[in-house]
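Below: a set of structures, written as structure tokens.
Okay, so subunit A shows up in both of these, paired with subunit B first and subunit C after.
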Partner chain A sequence: MGVGAGKSFLQWLDRWKTEHEAMLDDFKYSLHLLRRSPLSMVGLILISTFLFIAVFAPFLTKYDPIEQDLSNRLQPPCSENPFGRDQLGRDIMSRVIYGSRISLRIGITVIAIAATTGTVLGVVAGYLGGRIDEIVMRITDMFLAFPSLILAMAISAALGRSLENTVVAIGMVAWPRYARLARGQTLSVKEEQFIEAVRSLGASRKRIIFSHVLPQCLPPIIVQATLNMGGIILTAAGLGFIGFGAQPPIPEWGIMISDGRNFIMREWWVSTFPGLAMLFAVLGFNLLGDGLRDVLDPRLR
Partner chain B sequence: MSDEKPLLKIRDLRTYFYTYKGVVKALEGVNLRIGTNELLGLVGETGCGKTVTGLSILRLIDPPGKIIGGEIVFGGEDLLKLRENEMSERIRGKKISMVFQEPRSSLNPTYTVGSQISEAIRLHQRVDKREATRRAVSILRQTGMPDPERIAGEYPHELSGGMAQRAMIAMALSCDPELLIADEPTSSLDVTIEAQILELIKDLITKFRTSVLLITHDLGIVAETCDKVAVMYAGNVIEYGDVRDIFKRHRHPYTEGLLNAVPKLKMSGELYTIKGTVPNLITPPTGCRFHPRCPEARKECSEFKPSDVEVEPGHSVSCFLYKG
Partner chain C sequence: MDFRAYVFRRFLLMLIVLFGVVSITFVVSHVIPADPIGAILGPKAPDEVIEKLRHEWGLDRPLHEQFVNYVWNLLHGNLGKSIRTNRPIILDLMERFPDTIELSTASMIIAVCVGIPLGIVSACRKDKIPDHFSRVFSLFGISLPVFWSGLILLMIFYYRLNWLPSPGPYSTNLRPPPAVTGFISIDSLIVGDVGLFLNHLEHMILPAFVLGFSSMASIARMTRSSMLEVLRQDYIKAARSKGLKERAVVFKHALRNAMIPTVTIIGLNYGSLLEGAVLTETIFAWPGLGTYVTDAILYLDFQAVMSTTLLIALTYSLCNLIVDVLYAFLDPRIKYG
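Take a look at the complex of A and B:
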């Protein structure tokens, strides 16, 4: 029976492949283009490493990231603790490794919230136009008028300092960009002849918005999301650094850098390693985002 | 002749566009009727309101445009009185559908042709995906598409213009509409394909028993395919009648000019042109909109708007030269 199921799965896969041939070809071509640009490959490698570390964190270190060992506090890097130990004797390498999970979680949830709300609001506003458009766009203007870190601080302080509220705060700051981007894209897609054609066939507004306009807006949104990921990780770390974000003992990179401030002259490793981890993660997302922009922009093909 | 109840009757339709330069009076009292199983040609120069008429019937006029008044009676009900969702659920695509000028840009580039046709089917008929796909392929076959199964799986950019137009026609006819509005369906195609597409439209309307409003600026197409002709000028239908009446016994000076402007093989001297230019519709001429260019204009032409006069049964003209 298992063989039969496997066979029918293979048949299904074959059919799927032939049905979606054009899409697959397009995808392959995109990969090919991406592969030609060395910088985006560097980005891709950095991000893959980052994801790998985040997913397999427990297998990569034998230390508990929050277990203290006061007898070994501020121990410099050695073979046992390659990144050294911090002021409470915690292993910095395992904290950096587990910290990647925190950053990734913040990044993904923020993007999921901000990109979805922003895109949907932007597309709806752009397509319907008129008063709804005016209202949504003025709200985004209000959000964009504040420096984003300050606004995130204010929201996070008002909601209470925790990891979840950091996500909410950054999400509320990040959505207006997506709304604007999606609206701009919608305004141009809306004028396309095929939108008029599906209207003439009797498609409802909801249907036009979600199955004809929205998919056309996705490529720039994906690029924006990738580029934004780095910024979000930085903002989250910034909030952690000044004490408005995640709270100790969570191994969050911003908090770790902040912890090392008092020892930076003599015990440099406490701040340096989480800082480097952040540098590579953010750099990776920015490089990959740039590469994706070149690949997904049909004018540059 | 005209005692038989028409499928579509447009009376005094007015559509304006509120632009920053002023109000463009694109349609100013259009009267039109299309009988069941009839092919009506709507001809006129660029910008005379042919397309706006087509879009107005489906109520697809977007702001800054607006249908100001008149009546569009289709199958006994006034379309202008329906709510927007009634239009999309009951009329658009189901009873009246439209084929546009540029077939390839009328198809969504991100979906396959087959999935777009089955989407159109599923908008109005309760069938599952598989059945819709089957019907999509069968309707593609009826439009004379070679290898419809393969075409259904292709994307619009993989089709030629003629094939894409066949696909559009298939989509428009997928729910068996009573009226098909074809807005210059062949003007972006080359001549041989044009002939095929027109032949196809003629074929299908007998097969599907559909009426057609064929919008075109090509009088040759009209002479060859249409039963009735309506000639438009600056937002008005100025002459309406049987195709033979219009070509042989036309009455309106504008129709006369239009027909004379068609190049012929045995021709001496220069090609005829109607003097003057198409009027600006923000400040249209008073009275008859054609009077500044009309060789037979009189005093009353600039003062009053002529009304439709039936010169023969089924042949009406709006011009002061003909009175009752």
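Take a look at the complex of A and C:
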């Protein structure tokens, strides 16, 4: 890239900054409020730790999460294996560490599928109104009336039990909330004057929906996604726990808790550590999501 | 639109939604590549036996015919026979449903009794220590995996401390009461067996607490935010400047209006408790719908799964309907429609 290109990029950035000054100020103010909320900061720290562990898993442990060592089965926590070993002699700490990758992968993929599908459907339905709105919202209602864990169980039983199908099953259950949220938001945004201004300038429907209405719907969607992340990790682990999710020997937290079920009375460490790891990861997302909601919801400021 | 028309419209909407639920379960269960007959008879069964059973269950007919047939039977209260228990599903469900309702109701009572006060304290002391404490507590509630907290609490309170009994609806040396209503608590009182009643309650403490914890969190959260909104309004300022004590302002003036959204959340949560029961029941050996549906899915018993799902969705939709109607009834500002 030449100097000219760099310069024109800077010019573009300057122009963008002036054009979006109000938005940026609002963003900075939100960030400022967020930084003052200790609970959100704790959440952020927990999430960062979780991400760090997931990314650098191979450097954090010398044990293979799948390799068995039957002569050391059910060994209690010691300095060599701080979380102990499970019923097949696998190092629990390294399984917990690698398990964070699985949960993170499920969480991110599900959110990406569900939030995108739901938001687009909701915004389009809300903006167009009429029969399309009615149809989309009735379908949303049907999915919402569904006991989602049971639907996810049935779907993964239908498709075959695996990690990939867990993602599909939870994704199919998760999108309706986003559709509803985005639709509600769209209904109020679409009445605003700036939308009318854009429309009178002759912008196409597609342009109005995707460049003007959609961005206005994002803040509550982001809050929902953050809070949802925790719920998805829990559901995925719940599926793993009852045997409908990822299959052994994958180091998935739900399976690990289920492994320790028969030993819980004596060999408590088998179930306890993966559960604690999950609790802190989920808590992180909930703390941050809760803080974000307070910051983005002006009624609670 | 008047009130009656609103209720009617809401009822029609519920029927449409339920029809959709039936369609979804039907499609999901018939896309299943695995063969339910094979699961029952095993891989060595002769072909003619398989054919005969397939014909008997109606599995050899075209999908749309099976669907019409299914809906027709549903409307007549005929849910079919379970492949696993070999009994009419409706009997299985009638046996299991009261246990789940009992457990969810107990959870809801715990959740309401702890959640609402927690929310009020949080709102009145916003951004102070009690607020932080109660928010962390309720966030913990929604972050806890029930299947894990259930196990840990069992280990502590049953195995280590021996304060609470083993999993199951009552101790194994006791006999169940004759089924009149199907609710063990009610039936045991009918025959005057107070010992069994108390034993049953004791067995319910842990699962009800574990199951209710997440609802407790969302009730506290909702009470907090609606209280905050109400406390900021002018009529509260007026009540304070009139010289009323803070107690009277909070409990007499604010709480009543702040309760409306909380009631909604309670209704919605009751529906999801039924679902949360799936995992809780598995851990606490509770003989309700949760254990039933898990077993049914494991045995590829589609009819039973579809029926249970429908029953849960029906209960959930009824809860929603009741909440919506109550809401319109409680808050005269709401326009029906």
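The working rule: the second predicted complex is superposed on the first by the 269 of 301 C-alpha atoms of A that agree within 3 Å, B and C clash if a C-alpha of one lies under 4 Å from a C-alpha of the other, contacts with A are read in each partner's own complex, and residues count from 1 in each chain.
Note that in this section contacts are C-beta pairs under 8 Å (C-beta built on N, C-alpha and C of every residue); 3 or more make two chains touch, one makes a residue touch a chain.
Being a predicted model, the structure only gives us computed values, none of them experimental.
> After the superposition on A, what does A:Ala236 contact: first (subunit B), second (subunit C), both or neither?
Neither partner.
> Where does A:Glu196 make contact in the superposed view: on subunit B (first), on subunit C (second), on both, or on neither?
First partner only.
> With both complexes overlaid on chain A, does A:Trp268 touch subunit B (first), subunit C (second), both or neither?
second
> State whether A:Ala54 touches subunit B only (first), subunit C only (second), both chains, or neither.
Neither partner.
> Hey, is it subunit B or subunit C that touches more of subunit A?
Tallying touched residues of subunit A, the top partner is C.
> So in the superposed three-chain picture, is A:Ala125 touching just subunit B, just subunit C, both, or none of them (first/second/both/neither)?
Neither partner.
> Would you sort A:Pro215 into first (subunit B), second (subunit C), both or neither based on which partner it touches?
first
> Taking the superposition on A as described, I'd like to know which of subunit B and subunit C A:Ala154 touches: first, second, both or neither.
Once the two structures are laid over each other on A, A:Ala154 reaches subunit C alone.
> Where on subunit A do subunit B and subunit C both make contact?
Common to the two interfaces on subunit A: nothing.
> For the complex, give me every residue of subunit A touching subunit C.
38-39, 138-139, 141-143, 145-151, 153-155, 157-158, 160, 230-231, 234, 237-238, 241-244, 254, 257-258, 260-261, 264-265, 268, 271-272, 274-275, 278-279, 282-283, 286-287, 290, 299-300
> Touching residues of subunit A toward subunit B in the complex: what are they?
It comes out as residues 18-19, 21-22, 129-130, 192-194, 196-204, 207, 211-212, 215-216.
> Which positions of subunit B touch subunit A when the two form their complex?
58, 60, 63, 85, 87-89, 91-94, 97-98, 100, 102, 105-110, 112, 119-120, 123-124, 153-155, 158, 168, 171-172
> Can you list the residues on subunit C that touch subunit A in the complex?
The touching residues are 13, 16-18, 20-21, 24-25, 28-29, 31-34, 132, 135-136, 139-140, 142-149, 151-152, 154-155, 159, 225, 228-229, 274-276, 278-279, 282-283, 293-294, 297-298, 300, 305, 308-309, 312-313, 316-317, 320.
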